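Structures follow.
Okay, so chain A shows up in both of these, paired with chain B first and chain C after.
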Partner chain A sequence: MTAQQPFLSLRNLSVGFGPQGAIRAVRDVSFDLEAGKTLCLVGESGSGKSVTATSIMGLHKPGSAVVTADRLRLDGRDLLSCDEAQLSGLRGSLMAMIFQDPMSSLNPALTIGFQLREALQLHEKVSRKAADARVLEILQWVRIPDAARRMNAYPHQLSGGMRQRIMIAMALICRPRLLIADEPTTALDVTVQAQILWLLSELQREFGTAIIFITHDLGVVAEIADDVAVMYAGTLVERGSVHDIFERPSHGYTAGLLRATAEFVPGEESLGRLEEIPGNVPSFSMLPKGCSFVDRCRFAAPSCHERTPDWRQVAEGHDTRCDQPIDDARAASALRETMI
Partner chain B sequence: MSNFVVRRLLSVIPIALIVLVTVFLLLHIGPGDPAALIAGENATPAQIEQIRERLFLDRPLLEQLFLYLSHVVQLDLGQSVYSGLPVLSLIAQRIEPTAVLAVSTLLLSVLIAVPMGVWAAWRAGSTVDTALIVASVLGFSVPVFVIGYVLVDVFALRAGWLPVQGYKPLSSGLWNCFRSIILPSVTLSFLFSALVARITRATMIEVLAEDYIRTARAKGAGNRRILVVHALKNIGVPVVTVVGTSFAALLGGVVITESVFNIPGMGRLTVDAILTRDYPVVQGVLIVFSFVLITVNLLVDLSYALFDPRVRQ
Partner chain C sequence: MTMSPSKTFAAMRSARPGLAVSLSLFALAVVILMAIFGPIVLGSGNGLNPLMRLKPPSALAWFGTDNLGRDVFVRTISGARNSVMVGLSTAVVVLLIGGTLGVLAGYFKWVDRVVMRLADGLMAIPGILLAIALVSVLGGGLVTIIIAISVPEIPRTARLMRSVVLSIRELPFITAAVSVGSSTPKILLRHVVPNAIGMLSVQATYVCAAAILSEAALSFLGVGTPPDVPSWGNVIASGKEYFRLAPWIIAFPGVILSIMVLSINIIGDRLRDRFDPRLAARKAS
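And then the complex of A and B:
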């Protein structure tokens, strides 16, 4: 399977909302992910990370989104040709998702125990007793204190951090082979966050789970990613190994993103200055002509206004959608300009 | 019993007291001498005096109130000024048709409206949904007596399947009673189910857009399971609330329906009592209706605890 066909493979995934899908929130997203690997999806707020993830799960509200792709394959299955019933069978078992907002993602009218047990029993024929044992086990695994008692609790009786861990437990209880985690740790404090990341890596080691991890936090990316995909204004602008992305950012946006986080300015910690990317993400209806990042790019050349850049390879497994891939010489000269 | 339940039960006492005092004061709020009002235009001074004494209208107000309350507490609602019969037994004679009509309308409406509202919400924007909206606007805006006459014309006069009017008591057999109440309660159901279906649809659409419904789908729950297990319990509170708060409107509809179908219930009793200025009967009827509404609201509030765990503590 792995040699010819990646575990998860997306080609030109596009998502439109509104009438006839006219609001094109995501355009032409392509990437592959191997089993047991972690891909971090990064990008500014509103760049389409959650929409991309939701599309893989087929979880857009029925009728609300138009999802198209040349390819959307998971574990040898064509997800686009699956109907809702087939997808239901895969959701929770083959692929699972941890959502961004833990406060509203649990059903207020059902106990924690019920919601977790249901997640298991929808896919595995186990007795109530066996299910309860599994639930207890996974609750302890995500470090819910006093787990046996919490099973009878309702969501409102738990803190936000605890609810997020319940959500994580729910996603993991059937040991999915693809886990999509949408900013799972933003609501948590740093120690709990570290625990969760450790749990995820343990799951991955044990079951060979492929993980798509969505985050704003480049520190987390450095810690857990194998590969990184950078999104900007609804599309992927650069993808490569975590090493490539951090050491040789080739797209103007990636470079800006890294600069905005001082500790990752390659070889320039001594400067100690943190740069904001000037301007805002353009809305989908008002994307500039040419490269969508051109208005904010410090490396922009006149030709960037003319042509929408296509993918080009910077190195093996490292692609960018920039017509003037930034090399070290250009980066250094741009840096000198800002220092003057 | 939880704190919530105890507190809610206790809150009935002051409400009941306020109702009784208000009902008592009704007689004294209007202008003029209550005794003369009740006695009517052609009454002799002696008759007016007699009524004044019988209703204790010659005593100080506070004493009257105290007397009134102490009688009501002993279930003594006084006598009808006209027939001289005890108000309580007048009400007892008339309450069955009204109760049967109200309860059957309630059941019928909820059984029809909740599934319809849920279905429309699930298929929001579809033909089914649009049809339901149109139907509910009609049910809401066509007067009860128009619907009543149309139904009678079709099912009783033309088809001859059902009685045109009147009421057969439960003691005449369940089937007879049922037949006599079908048309009136279907008539009244139009209004009530329009209301309930609309609220059900609106809350269901809201609930289906919640994040936890997406979570349920993400777990692999199918459509039916999402509706029944994950959504239904969360529309309980708003739906029961609208059923409870519009129960007063239902009672109003019952009064009209009773006169359309010539049913000898509380509605007719009320109308007759008002027309004849039979104040003790009017007061008695008001007390009964008020206590029914207090009870319904109590049940509604207590049911919150059933649907929403957040209320229970």
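And then the complex of A and C:
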């Protein structure tokens, strides 16, 4: 890896489903990720976050999706030109993924130990005994109590939090350098969620893993992200450091998302009515002309209906896909509006 | 889900198998013992005795005798071997071939197109007619009968397995297995097949029962087991002309055949309840 080349680099990734890929669920997604950094991909359900992730992993069923990109490089390898066998060799060893639903992401017919051992032995030639030792080690690392006994347990004998930790162990057992976590904490309660987040940051400190974390929980984002990329209706609308995005959102959608977060102010009786973004996400077959957020944007100008906005830099390392980026003065006046 | 229904289910599942299943297992055990030891202890029952023709059941011949003076009891016991062999062999052949084709068809689209069109073609022909045609082409004998009964059963099993695999392959743990780098053959063998085994074993009992019936039907029609080898089908066939004079020739093997098939089906139903994904889901929650 040279200094100029980021660890993971995406340029104009598009994914289409249906005949000839006519339904474009993801359009022109571009971002870079350095080793040891965490990128949070945020956006509401159906905005294309998971599809982006599964496209990087190459997990679409053959013939079901059309994936195109100007560049999709991981650690100097062009993932788009890899065939299935090459991808299979990279999955688990170079890149791994944690799925949203721990209840159904483990094979119910096999023991935990067997599944973890298999994940290891797919990529490393190790004896059964050495493999068992590694499995035990990683189970202890993800804080599975009584790990030696749990190796012989079946998934249904474990709680959701434990299963999610097993999933993490399975993704990490070969020490991948890119980890994609697709809403790994959505199905879990808050204390377990905190443990999982702590584990991931521990992993990153220890092995310098790059993490793509998909979530719509902005609290989680604030906690773990280095960079944030905001997705809306299949495309990226804003990207920047977590500080930039939270302090100076420049796209109407990002600002709306942040305002829709409940904030607890000590001493106040009620939170009041939670703010919302009016309207719904447009369907992929009926995207509005111009900016896809135009119909819901409170700052929309007539020109927004005309042309699709290009990327524009609002600060160093902070880009937005908006022709009328929010500046501080406008944000202040919008804030006054909501106060009244 | 509230506590009480899941408790009820737990109670139902932990309850003892029930009288019907126990009796079925007992009947099955008796028939299998008959199949193993019957011909060794009693012989094939082919000895002709003109003086003993068409005698009703008595202490000498418990199930009576047929038109050639052969002991119906001995022939029924010995016939169990033929029926059990046909039933088990057909189940094994059908599961291996039909199951494999079904798994492949469920996982690979191009296999699906080929296999399912062939299956459609085969299923358009009534099973027993197809079996008769195959026996007349291939000639008599146990192996031929097993092939003839298997061929019409294979498409049904392949279809069932295909539908089971189609639903399994969409489950998240298959994607998870792909994401840690499992190859397609490994996914099929370690992740898909073990989760389909339950349905497969249920299907096995139905195929076995159907094969025993088909063998009896073929023998009854005169294209099955040769007359010198007793089977329930040809014992019943040999009694059909004397039904009004000597109903015992048909009655005893007929009743035993019915009990055997009923038992296998009851066991199959029990297995199906056990492996039903909906019941399993309740157990997990």
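The rule is simple: the second predicted complex is superposed on the first by the 322 of 340 C-alpha atoms of A that agree within 3 Å, B and C clash if a C-alpha of one lies under 4 Å from a C-alpha of the other, contacts with A are read in each partner's own complex, and residues count from 1 in each chain.
The working rule: a residue touches a chain if its C-beta (ideal position, glycine included) is under 8 Å from a C-beta of that chain, and two chains touch if they have at least 3 such contacts.
All of these numbers come straight from a predicted model, not from anything done at the bench.
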Clash or fit (per the criteria above) of chain B with chain C on chain A: clash
Partner chain(s) touched by A:A119 [first = chain B, second = chain C, both, neither]: both
First, second, both or neither for A:N152, with chain B first and chain C second: neither
First (chain B), second (chain C), both or neither touched by A:G89: both
Contacts of A:S105 with chain B and chain C, given as first, second, both or neither: both
Chain B and chain C contact sites that coincide on chain A, given as residue numbers: 57, 59, 63, 85, 88-93, 96-97, 99, 101, 104-110, 118-119, 122-123, 156, 167, 170-171
Chain A contact footprint on chain B (complex, rising order): 125, 209-212, 214-223, 229-230, 233-234, 236, 307-310
Chain A contact footprint on chain C (complex, rising order): 109, 171-173, 175-183, 186, 190-191, 194-195, 197, 283-284
Interfacial residue positions of chain A with respect to chain B in the complex: 57, 59, 61, 63, 84-85, 88-93, 96-97, 99, 101, 104-111, 118-119, 122-123, 154, 156, 167, 170-171
Residue numbers on chain A that touch chain C, as the complex places them: 54, 57, 59, 63, 85, 88-93, 96-97, 99, 101, 104-110, 118-119, 122-123, 156, 167, 170-171, 174
